[in-house]
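Letters A, B, C and D mark the chains in the order given here, with residues in each chain numbered from 1 onward.
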Amino acid sequence: MKIAIVGANGYSGVELIRLLSQHPHIEIEMLVSHSTSGTAINAIYPHLTGICELELEKAGAEEIAERAELVFFATPAGVSQGLAPQLLDKGITCIDLSGDFRLRQPKAYEQWYKRPFVARETDLEKGVYGLSEINRDAIKSAQLIANPGCYPTATLLGVLPAVQMGLIDLHSIIIDGKSGVSGAGRSAKQGNMYSEINESVKAYKLGAHQHIPEIEQGIEVIAGSETHVTFSTHLMPMTRGIMCTIYAGLKEARSTQQIIEDYKEFYQSDSFVRVRNEGIWPATKEVSGSNYCDIGIFADERVPRLTIVSVIDNLVKGAAGQAIQNMNIICGWDETTGLAQTPIYP
Amino acid sequence: MKIAIVGANGYSGVELIRLLSQHPHIEIEMLVSHSTSGTAINAIYPHLTGICELELEKAGAEEIAERAELVFFATPAGVSQGLAPQLLDKGITCIDLSGDFRLRQPKAYEQWYKRPFVARETDLEKGVYGLSEINRDAIKSAQLIANPGCYPTATLLGVLPAVQMGLIDLHSIIIDGKSGVSGAGRSAKQGNMYSEINESVKAYKLGAHQHIPEIEQGIEVIAGSETHVTFSTHLMPMTRGIMCTIYAGLKEARSTQQIIEDYKEFYQSDSFVRVRNEGIWPATKEVSGSNYCDIGIFADERVPRLTIVSVIDNLVKGAAGQAIQNMNIICGWDETTGLAQTPIYP
Amino acid sequence: MKIAIVGANGYSGVELIRLLSQHPHIEIEMLVSHSTSGTAINAIYPHLTGICELELEKAGAEEIAERAELVFFATPAGVSQGLAPQLLDKGITCIDLSGDFRLRQPKAYEQWYKRPFVARETDLEKGVYGLSEINRDAIKSAQLIANPGCYPTATLLGVLPAVQMGLIDLHSIIIDGKSGVSGAGRSAKQGNMYSEINESVKAYKLGAHQHIPEIEQGIEVIAGSETHVTFSTHLMPMTRGIMCTIYAGLKEARSTQQIIEDYKEFYQSDSFVRVRNEGIWPATKEVSGSNYCDIGIFADERVPRLTIVSVIDNLVKGAAGQAIQNMNIICGWDETTGLAQTPIYP
Amino acid sequence: MKIAIVGANGYSGVELIRLLSQHPHIEIEMLVSHSTSGTAINAIYPHLTGICELELEKAGAEEIAERAELVFFATPAGVSQGLAPQLLDKGITCIDLSGDFRLRQPKAYEQWYKRPFVARETDLEKGVYGLSEINRDAIKSAQLIANPGCYPTATLLGVLPAVQMGLIDLHSIIIDGKSGVSGAGRSAKQGNMYSEINESVKAYKLGAHQHIPEIEQGIEVIAGSETHVTFSTHLMPMTRGIMCTIYAGLKEARSTQQIIEDYKEFYQSDSFVRVRNEGIWPATKEVSGSNYCDIGIFADERVPRLTIVSVIDNLVKGAAGQAIQNMNIICGWDETTGLAQTPIYP
């Protein structure tokens, strides 16, 4: 199948190239980028030499639709709202790694992303939230996937089993997010320079991160009622990886062991979620370069309160990997096709 | 004044040497270490060449008491409980950086440190918990200082103003601790090897960290009632620095700005605590190498819930720096003597 | 084909598992380790959960030979000299990632490795030095591969074209080696603790590294005459990656462009060596996780002197990847089978 | 003494503030920066809160000369050539951390810095190259100091003793430079983003670095004859620190021990240069945050060739620290005044 990547010169874009270059059913037909068109991708990223040497192209909906059957958007906010609707009208499947179609309410988008919502409401209705393990059935028949954000993926895979099983008090959810720097993308910003980040942990955007409404919406869909979470984000001195440490009051005391068993059952048929045994805590390095989400559980029976530790590689399960997983589901391929990478350790 | 450092060959020990080498009233008379006695400290740590080249010595209480007026213990758990009582009996002032005299209940020590409490209860009663900003008056006349742990220092300086002002629900306190690796000391452990730590964030010891009872005790002293906190610890890919992100339910909604003003007033005469203005979040690098504790505040009025971000250098304010600050208080010197280091940035 | 890995619990061992888990013709039959036998590999390395959960076994030559056709040794110096000869006698193919069979002279082994040579000279004669691109023909029919060291791989792939083309003065070769820490293995050593390595570059073992005779031997085989190189090694604050910056006097001035063309021709049929264009310098990250060796060239016509910059991932092309490449050559499979990983970037 | 810092908002500028805030004879009177004037320095660098909260100012030569007796330039290339001459005419002492007055030949400046030389030749003649240990006498009476670059400081302190003693062949000098990222300054560049630098060593600017003519000039002044060095630069995944590994042919074989003794004698009255004993190699962390230059020596008698390993903190001895050292020399203060910081380790 021929695919196109729009925004191919960013980190999520090259991660799509990395993973798709090992996918047996896919041919990368075109790399679209307006800012770097005319340049070969391996002139920007020498590590792709011999692997993918396509030239980046400027191209509109028409040309893309002629050459590709499926399009990945690895673009900043605002781009896919403009381009995806035209592609949808031409029957092309779109998998959007940006936040443009994730929030069900255009107003929420405008409030948190601080930009106008410019697509049609009918486009928004077509969009399926691509949290693969949770929405698999809806994804199968979707033409537009709103691929989840990195923090929401780690958070929702961590907390939704407890929500669905009714274990926790919805008003008590706190998420302490810890992210590597690659999540901020490749454009040069002073705050992401090596000398600023190294040997430092920095809190940022407390109470203001655009992933807050996405997390709340994800919980509300399962819970059936409104929730307000406290979500704090911290920049870690590392390139890849997200850990979300999630705290929530238990409605009644349960042992760590019981909850681990519940989680293992919840995810028993999911290849990419691994629930740890008691006392074995996950580290981001243990999923690095792979599509896994590893989850550790601790129930403090004294309070009682549940602590869930969830880790992913932000560029894989938190972006390009989950996008490919969703493509596999749509296309009826085995969900793990092209995603069998073992984590790089150490 | 002549001082001795017991356990001089660990990281807290050499940090004491670094800071004391610039202290105008102090002469380092002896470095005590049983495991490396007979070696010059700069043969182990070449960076001390030309600065401190004393030989490490094996020495008992008698010799130490003859040569030094004040003794710092930078030792693992168990050492000062054996040696400090003998020194106290000889009139020597002891500042203990280990956890041996921090917990008021010997049983709690035995439960969390998993070793017998071997000092006399009368020694324990002499001990003053050396959280300088909070216990200044008691410290002035102390002969034995139980210097606080690194996590408790960051946590208590962050949360105690809110506790004392009665702003928060004591049963809702959650601390998400993030620490650099130097806190684990210098002895070779597989889990602290570079290749294991780098490019990774790892949760550890959830619900089992020996700093839990120290934090609870510190809160209870101010609050006057019992509390159970949830305390999670995470290893960061960095050498120095601790950040504690503290969450607690607000009894009633208050604005971020109000609480910042309250905190600034609380710490108005404390040189080493800096409360940030609204929206300016601390990073551990901004206190690196210095005795500062920087605090950021966010009140989520939707819930309402308070988030406090507190950062220190674990080896300075979390260990050697606060120990020297306590010595200054005891000796009647200006509290900042020898501690005027500007943070190393970048 | 069924294979065994002896020393499976070290970093080279798990890297073999990572790469072989994607190899279409291989089944990992057994993981041998005396120190950790009885434990599942994923209890030591949780990242392998769901990928490889074999139990580590104690096993002698007889059992290994019954169950596996080919054996990888990912062991410290001394192990394969004892075990490999027994396996060779039983007709098993051995690929040895350690230094045990690399040096043609037992005396050189004893001098540089500071341990007795205990195998038979006839075993040593069977051994083929497994620098795949250079020794491909001999490797095809080998029963024992002495897989090259990490520094020698980067150095020899960088310098041998110039040696073979007679461009450089053999007495002028200087290699400035820069290595990530994973090359030192997983056993706990104080010098490789995170706090010692991070934010630091450290020179070590100048003039004493056991890879010196291996490099000299590799050059001498091609040059046909003796050489003494200066080889300096430096520990970098990173986990993976080796860069060797190689300096050598040019017999006569040549342009950078000419030499680049010569190198491209030399490696024209080698999938894993990528020679950079003029002015584009390699970085270790650009080969991370992959079997590539990237080479940059600069000819300083003023002197005239040649500078060659050669980078590899020390655990892949410098260990497990090249070992698998050699297995592919021996087995008559395409040389890149199971080794098509795109470098992980960023 | 009142001083001004021009370019106070860059990394060398804030390092001057850090060090000068502990200097007993200095008052920072003004911070000059055109791009950020009107902002308090601690609004840009929160770590300076409570230490230095001056507002950055736009100011011309007249105002600076009225308020300050000595001016530090921590500016990019081109600035001090315009401003320093006006200050010199008004009798102000200028210490220039940029490269503007380092090269004796305006043509060399224009060739390597790729910009016109705009100062008067008479200004250039006033400039004294501020390599403190080597040029102390000339510095004493200088009105304009051309403070050395970071790589040249590490290189020249490492190699000049051997040059002066006539030990090495001038045509054989090779310098392998390894630098932390802070040397590239604080302005946002894609190549210096955390995600690009971390877990990577990258070669850059081979044969094209503007420090090449500065190093050659520094050697030629001592040697009395022309030299061409090969100088390679490599970006390290660390913030601070430079290591230069220097290779040179020995005119005749000498033992490592002999040369170490020669070096110790050469630097016997220099507080900031520490020559290591045989077999003890320096690491950049061992000088971090301090004004030290640590030197290790290895003579390979087989070739014979000399290897010198020289490390500094690029922002201290390689910039702000040496600038203050030069100020101390000019003012007749003890050379170590305000520079007694112990390296931060770990």
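Convention: a residue touches a chain if its C-beta (ideal position, glycine included) is under 8 Å from a C-beta of that chain, and two chains touch if they have at least 3 such contacts.
Chain identities (UniProt): A, B, C, D = N-acetyl-gamma-glutamyl-phosphate reductase.
These figures come from a predicted structure and were not determined experimentally.
Chemist: In contact with chain B and with chain C at once: which chains are those? Just list them.
Modeler: In this structure, the chains that contact chain C and also chain B are A, D.
Chemist: Between A-B and A-C, which chain pair is linked by more C-beta pairs in contact?
Modeler: More C-beta contacts join the chains of A-B.
Chemist: Relative to chain D, which chain has the most distant C-alpha mean position?
Modeler: Of all the other chains, the one whose centre lies farthest from chain D is A.
Chemist: Give a one-word verdict, same or different, on whether chain B and chain D use largely identical residue numbers at their interface, taking over half shared as same.
Modeler: Because over half of the interface numbers appear in both copies, chain D and chain B meet with the same residues.
Chemist: So what's the Cα centroid distance for chain A and chain B, whole Å?
Modeler: One centre to the other, that is 38 Å.
Chemist: Any idea how many Å lie between the Cα centroids of chain A and chain C?
Modeler: Between these chains, centre-to-centre, one finds 36 Å.
Chemist: Do you know which chain C residues sit against two or more other chains?
Modeler: Where chain C meets two or more other chains at a single residue, that happens at 11, 180, 182, 186, 195-196, 198-199, 237-240, 282, 285-286, 288, 346.
Chemist: Can you name the residues of chain C that touch chain B in the complex?
Modeler: 11, 180-182, 186-190, 192-199, 237-239
Chemist: Which of the residues in chain A come into contact with chain C in the complex?
Modeler: Interface residues on the chain A side: 11, 14, 17-18, 21-22, 45-51, 182, 186, 198-199, 239-240, 271, 274, 276, 280, 282, 285-290, 292, 294, 340-346.
Chemist: In the complex formed with chain D, which residues of chain C make contact?
Modeler: Where chain C meets chain D, its residues are 171, 174, 176, 178, 180, 195-196, 198-204, 206-207, 228, 230, 232, 234, 236-241, 243, 245, 247, 281-286, 288, 296, 298, 300, 302-303, 305, 307, 309, 311, 346.
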